[in-house]
Amino acid sequence: MMSVTVLLFASYADALGASSISIDLPVGATVADVMRDLRRRPGADRLPPAPLLAVNERYAPVTCRLVEGDEVAVIPPVAGG
Amino acid sequence: MMSVTVLLFASYADALGASSISIDLPVGATVADVMRDLRRRPGADRLPPAPLLAVNERYAPVTCRLVEGDEVAVIPPVAGG
Amino acid sequence: MTPLARLHRDLIDPAVLLRAVAGPGNGAVLLFLGVVRDINDGRGVTGIEYTSYEAMAQRELTAIANEAAARFDTPDLVIEHRLGELGLQEASVAIAVAHPHRGQAYEASRWVIEELKRRVPIWKREHYTDGTREWVDPRGHSAAEVTR
Amino acid sequence: MTPLARLHRDLIDPAVLLRAVAGPGNGAVLLFLGVVRDINDGRGVTGIEYTSYEAMAQRELTAIANEAAARFDTPDLVIEHRLGELGLQEASVAIAVAHPHRGQAYEASRWVIEELKRRVPIWKREHYTDGTREWVDPRGHSAAEVTR
C-alpha cells in the first residue's frame, strides 16, 4: 500500500467538507483510483464528471501513475485575474 | 485682395526660415495658391511635393477655398507618441 | 531585470511595477490592472475573496512570466496577483510589460492575462449585496449551479 | 468622468491618470506609456524635443478621446502628451483607459495610440550622442534625408 495526499479547493473543498484528505491505495495506483475513492465520499456528487487534476503542482491526466507521498489536487474551474 | 497666415513647423519651419508668414492673395484663392506662393521662397525646394495641409486647425485639401484671416498650416509628417 | 511573478496579500502598487520594468532601451510600457467591480452578471458585489493552490499558482505564474519574456522578446515583465479579501476597486492582478516597441508590449500583456485566467489555480468567491457568497465559475455559471 | 486630453510641459504622473479613470463599474484598467529610449534606428539618443501646432494638436487629441469613448463605450479615458525637452525614460505620452471588460480596454488603448500617431500634429527632434539633432520622420527616414 501507499499513501497520497488529495488537495481540494474552493467549491470542491466546500462540497467534500475538507481541503486535504490522505488516501491509502495499492502500489501502482493512478489518479483515476484517487477519483474513484473520492466519489464514494459524502458530497462527491457535487464534483463534475471530469475535473481538472494536478499531481505535484503540475496539471496531469487521470491516467497518471502515483507513488508514495504524491500530492494530487482536484482543481475547480480557475478564476484568477 | 485678402491676407492669410501660413504656419510652418519643425523641419518645414527650418527649411523656410520662418514659422509664420503672412501672404496676400486675390479674393477666392485656394490653399493651392498659398502653396504656389510658398514654393517661390528660398528653402521651399525642401518641402515635399504634396505636404499635409490644415485650414483653421483642421486637415484640408489643397482645393480648399480661403477667406480673409484664414490660418493655413503646412504639416510635416507627424511624430507624436 | 528577469521576469518576476508574485502572489501576495498586500495592496498592489502600480508605481512599484512601473519602476521594475523600466529600462533604457524600452520605448513602451503597458500596465494592466484587473480591479474588483461593484457588479457582476447583474448582481451587486461588495468584495471578492481570492484563494489559491499557492505553490502551484506561484509555479504557473512564474512559468507564464518566463514564457512571455521568451515569446515576446523582453525580460522586463512583472506579474502580481493578490490573495485574500479585496474591496471594491482594489486591483486583484497587475501586469507590467516594457518593450522597445509598443506592438509587442500590447501583445505580451494580453497574452499574459489570458494565460493567467486559463491556467493559474486561483479561485474567487464573490460577496454580494444581499449577504450571500458564491464561488465564481468563469465559464458562465456559479459553482452552486454547476453542482446542482 | 468625461474623456480628457491634455497637452502639457509637466512630467506625466501615471498615478494621476489611474485615479482619473477609476470608476466602480470598471473591471480593467490599462495604462500605456510611450517613453524616450536611448537608441533609435541604431543611433544613440540623449533626449527628445517635442513641438506641436498646439491649438490643432489639442483639438485632435480631444477628438480622439471622444471618438474612442464612443467607439469603445467607456467615458473613462485620459490622454496626455508632453511638449518640450524630454530626457531618457521620461514619458512623452500616456493613455489610461478603464472599462468594465478587459477586451475593450486593450482595443481602446491601442486604437488611441495609433490614431494619435497618425493624425495629431506633434513633431519630435532627437538629440544624438554625437551632438547632432534631427527631426524624426516616422515613415522611416530622417527629415534631412526627405528633403535631399
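Chains here go by letter, A, B, C and D, matching the order in which they are written, and residues are numbered from 1 within each.
Here is the rule we use: contacts are C-beta pairs under 8 Å (C-beta built on N, C-alpha and C of every residue); 3 or more make two chains touch, one makes a residue touch a chain.
No experiment lies behind these values; they were computed from the predicted model shown.
Centroid distances built from C-alpha atoms place B farthest away from subunit C.
As a whole-number value, the distance joining the C-alpha centres of subunit A and subunit D reads 50 Å.
The centroid of the Cα atoms in subunit A and the matching centroid in subunit B are 74 Å apart. Between subunit B and subunit D the centroid-to-centroid distance comes to 26 Å (mean Cα coordinates, whole Å). Shown for subunit C are the residues in touch with two or more other chains, namely 34, 113. Those residues of subunit B in touch with two or more other chains do not exist in this structure. Chain pairs recorded as touching, per the definition above, are A-C, B-D, C-D. The residues of subunit C lying in touch with subunit D in their complex are 14-15, 18, 22, 24-39, 88-89, 91, 100, 102, 105-106, 109-110, 113. Listing the residues of subunit D that touch subunit B in their complex gives 34, 50-53, 55-57, 59, 81, 92-93, 113, 116-125, 135-139, 143-144, 146-147. Listing the residues of subunit A that touch subunit C in their complex gives 7, 9-11, 14-15, 45-48, 54, 57-59, 73, 75-81.
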